[in-house]
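A, B, C, D, E and F are the chain letters, set down in written order, and residue numbers restart from 1 in every chain.
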Amino acid sequence: MVYLTRVEHFNAAHKLANPNWSKEKNEEVFGLCSNENWHGHNYELLVTIKGKPDPETGFLFDVKKLSTIIKTVIIDKLDHKNLNIDVPFMQGKMCSTENLVVAIWDQLLPHIPMNVQLHCIKLYETQRIFVTYYGE
Amino acid sequence: MVYLTRVEHFNAAHKLANPNWSKEKNEEVFGLCSNENWHGHNYELLVTIKGKPDPETGFLFDVKKLSTIIKTVIIDKLDHKNLNIDVPFMQGKMCSTENLVVAIWDQLLPHIPMNVQLHCIKLYETQRIFVTYYGE
Amino acid sequence: MVYLTRVEHFNAAHKLANPNWSKEKNEEVFGLCSNENWHGHNYELLVTIKGKPDPETGFLFDVKKLSTIIKTVIIDKLDHKNLNIDVPFMQGKMCSTENLVVAIWDQLLPHIPMNVQLHCIKLYETQRIFVTYYGE
Amino acid sequence: MVYLTRVEHFNAAHKLANPNWSKEKNEEVFGLCSNENWHGHNYELLVTIKGKPDPETGFLFDVKKLSTIIKTVIIDKLDHKNLNIDVPFMQGKMCSTENLVVAIWDQLLPHIPMNVQLHCIKLYETQRIFVTYYGE
Amino acid sequence: MVYLTRVEHFNAAHKLANPNWSKEKNEEVFGLCSNENWHGHNYELLVTIKGKPDPETGFLFDVKKLSTIIKTVIIDKLDHKNLNIDVPFMQGKMCSTENLVVAIWDQLLPHIPMNVQLHCIKLYETQRIFVTYYGE
Amino acid sequence: MVYLTRVEHFNAAHKLANPNWSKEKNEEVFGLCSNENWHGHNYELLVTIKGKPDPETGFLFDVKKLSTIIKTVIIDKLDHKNLNIDVPFMQGKMCSTENLVVAIWDQLLPHIPMNVQLHCIKLYETQRIFVTYYGE
């Protein structure tokens, strides 16, 4: 069993504000992150799959194909977008890195080929904050 | 003459769109960057000053004070903001990294103490794109 | 269950020398690290907590509060200090990265809020040497 | 139980091509990586061992000795080499990062001292692709 | 006058060996780098252009177009290639980073649009070795 | 004319305190950096030389020899040392990064071979603070 990780990037706007709360409560809880005019990040996404390498190719899975899957299913939906407005699978959720990483897992899972398993999604919001999810 | 550089960070939303142009022309010229719902970045800012170290301290200038000046004059104005909406000194300008780095120079220059000179502003929009300005 | 990691930094002096050993034996075992006049490092500390995100905030735990806890309990005690002399919780221990990471876990654990769990402490001594501890 | 990681580097040439396949099939499956004139990488290798620190030294294991073992057993065999031609332990295998990381584990394992355990080998082929192996 | 830098990557094989010298002299001068079976690197290329931003776009030059020029003129010629064998503009030259950076400048210069100037090419062979060229 | 840069590292202890000042004044001016028990850093040193590549080797100067010169003249004097106590060429000077970079230039200059010129010394004290010196 080996673990193969591919790193991708996307740049997006978001804000952290609970629509059921007053502006004051959102500012109290989320501080600058609740700015109603949005802020944004360069997100770094690490997708890890696991399984046995194919003896004929030496590959667990072709990393270029993995990159294409991640780009098609995730990056094209998130890159240069507003996470709160533009992303169907984040509708009705708080756009925290925690929720985003779980949503990315759920989106990506059906597209992972049957001979490998999705092991882990790691998402850097900044160089000093990241969230990891193993699907459970 | 030595050159002292301090690195700071800010996270902001922006879009690239000329208000005198149609949505179609903005999309043609700026692509995804013209998304009317904004996108954003983790910007990395490098401020370089130059001059002669003080023999009594060994310092060109106290880097903690330089950091405080940059934070007060620049970071507090840009961090967790929308560059197009929230930043007075970017009003009426395209929010490109090129224009932002020149504007940061203009804002910072009057706050640099007399015994040193502002040498260079470098601004990373992503790990793969950055703009440098020497004030002329 | 998601895992949230916050990265902090501190700069400190230390030496590696067993006070029960001769200078010669310390030099033999620890080499340059036993220099009696000390040396030092820029340490990078990664603290990972785990649990379930709060549906109202999307947060596992407010990362700014986590940063404040780490700074108050750990960074303020270690930053710009001599690990062998200035740090009460390292007294009587060898100041290796291995021992330091276990001591940081022990210090931090009582300050982690009840709704999350401390998962992992990772400590970089240099870019090429780091130690990880999971509390057992 | 603490985990100690040491990072080392090597630069090597390789190609991905199954000798039982036609040039056309290799190009179809491996693309540019099948270039018969080779290409190459700066590989980054992370070796993690685990165990209990020695109370007299504070060390799980002397990281300089660990570095020497990795250099002697692995880096000297791979650095500035052609992985397909020059490396006895890669003969008859596809030179993928997946196969390389397993082979490095197998080579290194007999040289790990008895009081610690080899926990993990991680190998970066580029900054955006890496493979991890835990020995099973 | 602002300076805009774009970072690109390529992976290539090469060797350092003067064809007019004996194998022994090449080994004496170039050491492991003269391995006749090649070795390789992940090269990182920084291209800097300079000029005045366009007031209508805020751009010195569209960085996506700059990236396309670099990819078409340079990366497609070097990525996953053998620098000694596969690259027409390196024929008859020693494949050192010094010569490579000058050759990249010469290749790129005719493709830089007239309203900006090519300022600098920087090429990292490893994280610890890089060469810079300003065209003179 | 090309510019070749080599990166080296050293770990050292230091403090910032003017021996002619009271402890109170040192604390006021230097803050935590004046801790009489020392603190320390992982310093990163970039040495840049310039000149014309040799047509027979393609080298401006053999980077391994440059590394050996830097290690012998600088790193061996600074690594795992106390900059205030152990380093003859820092005696009687404040151990600021500004003074250290000038002293490294002065030490290194006589050892640079005649066919190349020393262009620049850059010294990172932390990832966010660095000083550059061009010899004048």
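Going forward, a contact is a pair of C-beta atoms (placed from the backbone, for glycine too) under 8 Å apart; a residue touches a chain by one contact, two chains touch by 3 or more.
Since we're looking at a predicted model, the values are computed, not measured.
Peer 1: Can you list every chain that touches chain C and also touches chain F?
Peer 2: Per touch definition, common to chain C and chain F: zero chains.
Peer 1: Which chain has its C-alpha centroid farthest away from the centroid of chain B?
Peer 2: D
Peer 1: From the centre of chain F, which chain's CA centre is farthest?
Peer 2: Most distant chain from chain F: A.
Peer 1: Validating interface symmetry: for the copies chain B and chain F, is the fraction of residue numbers used by both over half? Same or different.
Peer 2: Mostly different residues: under half of the interface numbers shared.
Peer 1: Just curious, how far off is chain F from chain A if you go by their C-alpha centres, in Å?
Peer 2: 41
Peer 1: Using the average of all C-alpha atoms in each chain as its centre, how far is it in Å between chain C and chain D?
Peer 2: Their C-alpha centroids are separated by 29 Å.
Peer 1: Any chance you could list the residues of chain F touching two or more other chains?
Peer 2: Residues 127 of chain F each touch two or more of the other chains.
Peer 1: Using the contact rule from the top, write out all pairs of chains that touch.
Peer 2: Final set of chain pairs in contact is A-B, A-C, A-D, B-E, B-F, C-D, C-F, D-E, E-F.
Peer 1: State the interface residues of chain E toward chain B in the complex, per the touch definition above.
Peer 2: Residues 1-8, 48, 53, 55-60, 62-64.
Peer 1: So in the complex, which bits of chain F are touching chain C?
Peer 2: 9, 11-14, 32-33, 35, 37-42, 79-82, 85-86, 126-127
Peer 1: Can you list the residues on chain D that touch chain A in the complex?
Peer 2: On the chain D side, the touching residues are 16, 18, 20, 29-31, 93-99, 101-102, 127-134, 136.
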